[in-house]
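Read from first to last, the chains carry the letters A, B, C and D; within each, the first residue is number 1.
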């Protein structure tokens, strides 16, 4: 347990009584042994491992600070970190998803970094979206690792084959074009939606809701998702109709995760897809995709009341509370955060490498002017569309300490509606009720 | 080489079963003791206690003068032959026989010599390389004997070693075991439920029932002077016949047993032991072979009835005999010709009568 | 008379031949069905490991790769060892060679090495710890025997998910975080109860009198176990070896929590790490899966023959 | 008689109270007990302890002791009962399938025929694939867009258009059970095979002499002799099935809807997603109780002497 929890469990002597158990159990506030005397601990999910390692080696060369670098699979990263926090594993700096910020901050696992002026200085050149997403209760918790948004991609060849000049701009046009494609036998299910229960689901839902002009919550954080016009009902209704009425989205979408959906799109099964923008690169790589060279990005289609909005997200480099509690460790961790999220030796090296290596979006504006970056973008995407869509990206309005709990129920409510187990209004109503209930507990 | 003494030994299992109750037994060095009784009587438990395979709940077990209650089997110098033989399936016959010696760190050539010698005596020396699964039942039995023999132990324990053999083999093995005892000059404790084995082999027999020793004595003692109806019934083929009745007219020198029309004048030797027990309810025991038809006629010793069944058994025949509704069995010579339904009169050898208290079953004769 | 007898004889012979034939046909058919059931998914696993990421999404699937590639295996075996990664040497710098091959490809073989070490130690410790315990539970009558059995069972009924965090605390207190020792210890604790159960069941099947005979022959309890029971228990020991080896080989959740760096990560963790939020490498994962099969199969080939021999025959007269 | 021991001096009382066998049993059990006490007991007690608190990790300052509230709350939790039902379905289907298939396969492998060793080695392959790779492989196979199962059935003309597999809520749990069974059959087979091998051959010969036909031999000799093996299979596989987690996590995350929302997934969500360690522990204990009860029944009905 974290020391916060521990000190508040009454009758903690219960376990101390039995020698073997007690000795190992809650032996007072955890004293964290530093692995190696001066090294700090950095924990990430297993992404761009070599890129991170190379940048880390440069850090150690430059500062003399040794870093223990650990990485774990993305799919289990959050639960792994929960265990490590609760179990008191030595941690200084780690990657954090925007969705977890309130939760981890409330639990006391991560600490704000806004006391370090040299970190705050980078906010000038950072996307406001990013700075915003790292801020909770007025405190900033880190610097951007990468940011991206949900993009609407289409297979140009299929659109032309169906006889249309350009991609759809509204969700109704998506239906219209899809029906033609079905009729002409171009694709059985022209639109690819990944609606499986997984961490990506909230991003897909949010993109649908925002582009329909809806929101999950209002500015005060109360649920409005159940509202007909500015809520989530319209968006879900569109999905339900697309699956059950028009059959332009596969009923299998409830088991299709982001990865499988991407693969299916890459196999040429579909004409339209909603995936992360950075997937563009992979989709246009002939080694990984059968429709390489044909995949284009369009603005997210809009609903009747919508305006091409989409959802954005970001991940950041955060600092563990145990590091923050010790000024020396905090200083070192802050330096590491700067090295990755800010400039290293005067340049945004890591963000640039990350983009060049895997196409992940950076959260610092000046890099857009970098010729290397522009060249890379133009190789597989359209910088103008990307910039336009990025400007329309909104942050998830459900990121709260109770987000994890709510999103489980919300996810299966949407699935039930798609499966026809409940009607759209009832499904969203259920989700909204839980939201308000959870909110009232805080 | 060892005297084995049980002093007030008790065996209770954790499930509450009281297997052996207050056992007192003094087995002399080089004696051949047979523990006899029905299954579940505690005889195997007793044997296992000697071997150290069962804990002793209370009392003392001494080898010579030492208390060995807590010594594990491998620290007691005993050898044992099991009903199932318990040969080691993964070892050759040679290794099976030599295993006990090997465990006792006997030198290799000595093992070799003793195994070959034992195998020679048991006539299994041609089988030494085989595995137990390649042997017949009799051969396995010999290997099991050999395994115990080579040890030259202080005590030689056998748990129904012959019961898995066929009848003919069993009888020849009896003789061999008897010879073995003579040759080995060591204490033998032998468990069986077969009275014939007990009577042939034992120096002394211990009859047990329900965990309690009923009688200890030489085969002759046990057969001729059973202490109670249990012992009397357990030995004898066909089993002893009982007639319930009363003692009348006892004046210390004469006595008469009566049941209805049937009356026996008990001989003075018996009457003397009865004392004044006029009207006492008793159970009279007549061993099957203790009747004689030829001498029929003498009053006060005749028993009359109808022939119910005739079972010839080679030299003799068993006669099923109806005594006023009660079925008795006698063993008579086969030259006596009877037909079913004949009325017969048999004279009873009054000197060999057994007399028990009807309620307790204890003998009235000692 | 004679003719019917001969006819019967022929009839019997024919029946015998027929029943032999039936037996062989039944065996053959079920063996084929079994092969198909087991191998069909594996075939797909193997086939896809030789395909590019683009090819494995073909509709309908290519059962035999059209453009077979060894890229996945080259990435695994071709990784250069232990040179410090710099900006220049990092993989992924060149998109053409990077592609979908994760930059951690080179971690696979070291992770397999870790898995192998852990699994082997767990097997050995299981036997050392489990065999005597099983013998005691099967052949010694003592107070608390049943309680011991149920205690051992109880340690395994709680779902691992609930135990992860407290396990973590124990491991941290023992100072074993991010070490192979943490895995050896916890895997031992989660496998040994079932090891004991397997062995107890088998030991109990061996006649008590064998034990008694051995002890009267001069064996202590321990010698009786080693000299009589172990040689007779080979099949069950092999079952235990396979069970513990493969459980350790497969285990994911605890390894995920206790290991952090490449020094201690095991195969399943590195495997799972191949699907990150950026890199998708199903064909690569399948290649790794194919390699993962090899060590356990080698272990199986070494030990499996001992399951076949029925050694207890002849111990006791039928 | 020289090497008999007499209890004397120090330790005599100990030896009298605990005989040679007791001391040996203690010695033999000590290593297991040390390992389990040292590693397994604390976590078990600790999670029991947690189950009496209302713990929400995001509210570290409010962790009241609530006695049995976490337990009683379960019974009014609709999703809990759904998950119980899903777990029952999954376990019954997969454990019975495992038992039947393993029985048939072990009987097959108990026969003498050419290629038997190759076959038995092949059989181990599913067991050798780490669960993660196994789950990802099945996800691939079941995929409705480009999956191998659809491809195969389509090419064999069993279906004329690609089917929805995991996305079909009526099929999900059975498809996951299939992947589970495929992986678990090898172990179950080995356990049964070991108990088959323990049957002395002369038992069959004796029965054959007695005129028993193949079915009689099977029902009177083979099946009873396999009881201990079955006990192990039932205990282990029931335990594994009831608590199985990996496949649900990778294949469906409890979906679609709640079609594969089994109890172990429910516990996972409660513990790691909702960060409610207290009620997660309480559910775990309910699951543990059921697992123990079932194991007890198997031990009593199928076990030898345990």
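Note that a residue touches a chain if its C-beta (ideal position, glycine included) is under 8 Å from a C-beta of that chain, and two chains touch if they have at least 3 such contacts.
Owing to the predicted nature of the structure, the values given are computational and were not obtained by experimental measurement.
Trainee: Work out per-chain C-alpha centres and flag the one nearest the whole-protein C-alpha centre.
Mentor: D
Trainee: Distance-wise, how many Å sit between the C-alpha centres of subunit A and subunit B, to the nearest whole number?
Mentor: 88
Trainee: Find the geometric centre of each of subunit A and subunit C from their Cα atoms only, then give the gap between the two centres in Å, rounded to an integer.
Mentor: Roughly 37 Å, centre to centre.
Trainee: Using the average of all C-alpha atoms in each chain as its centre, how far is it in Å between subunit B and subunit C?
Mentor: Roughly 57 Å, centre to centre.
Trainee: Averaging over Cα atoms per chain, report the distance between subunit B and subunit D in Å.
Mentor: Computed value for the inter-centroid distance: 53 Å.
Trainee: For subunit C, what residues touch not just one other chain but two or more?
Mentor: Answer for subunit C, listing residues that touch two or more other chains: 57-59, 141, 143, 165, 169-170, 220-221, 272, 275, 282, 312-316.
Trainee: What are the residues of subunit B that contact at least two other chains?
Mentor: 52, 72, 133
Trainee: Can you list every residue of subunit A that touches 2 or more other chains, as numbers and ranges?
Mentor: 24-25, 75, 86, 263-264, 267, 269
Trainee: Please list, in label order, each pair of chains that touches.
Mentor: A-C, A-D, B-C, B-D, C-D
Trainee: Provide the residue numbers of subunit A that touch subunit C in the complex, in ascending order.
Mentor: 1, 23-25, 27, 33, 35, 43, 45-51, 53-55, 57-58, 68-76, 80, 83-84, 86-90, 259, 262-264, 266-269, 278, 282, 285-290, 292, 349, 353, 356-360
Trainee: Along subunit B, where are the residues that touch subunit C in the complex?
Mentor: 14, 48, 51-53, 72-74, 78-80, 82-90, 99-100, 103-104, 131-135, 137, 140, 147, 151, 157, 164
Trainee: Taking the touch rule as given, give the residues of subunit A at its contact with subunit D in the complex, in rising order.
Mentor: 2, 4-5, 8-11, 14-15, 18, 20-21, 24-25, 75, 78-79, 82, 86, 102-103, 106-108, 188, 196-198, 250-256, 260, 263-264, 267, 269, 401-402, 404-405, 407-408, 411-412, 415-416, 418-419, 421, 442
Trainee: List the residues on subunit D that touch subunit A in their complex, please.
Mentor: Residue list for subunit D touching subunit A: 37-38, 41-42, 45-46, 49, 53, 55, 57-63, 65, 139, 142-146, 161-162, 164-169, 172, 249-258, 261, 268-269, 272-277.
Trainee: Touching subunit B in the complex: which residues of subunit C?
Mentor: 141, 143, 207, 209-210, 212-221, 223, 227-228, 231-232, 311-317
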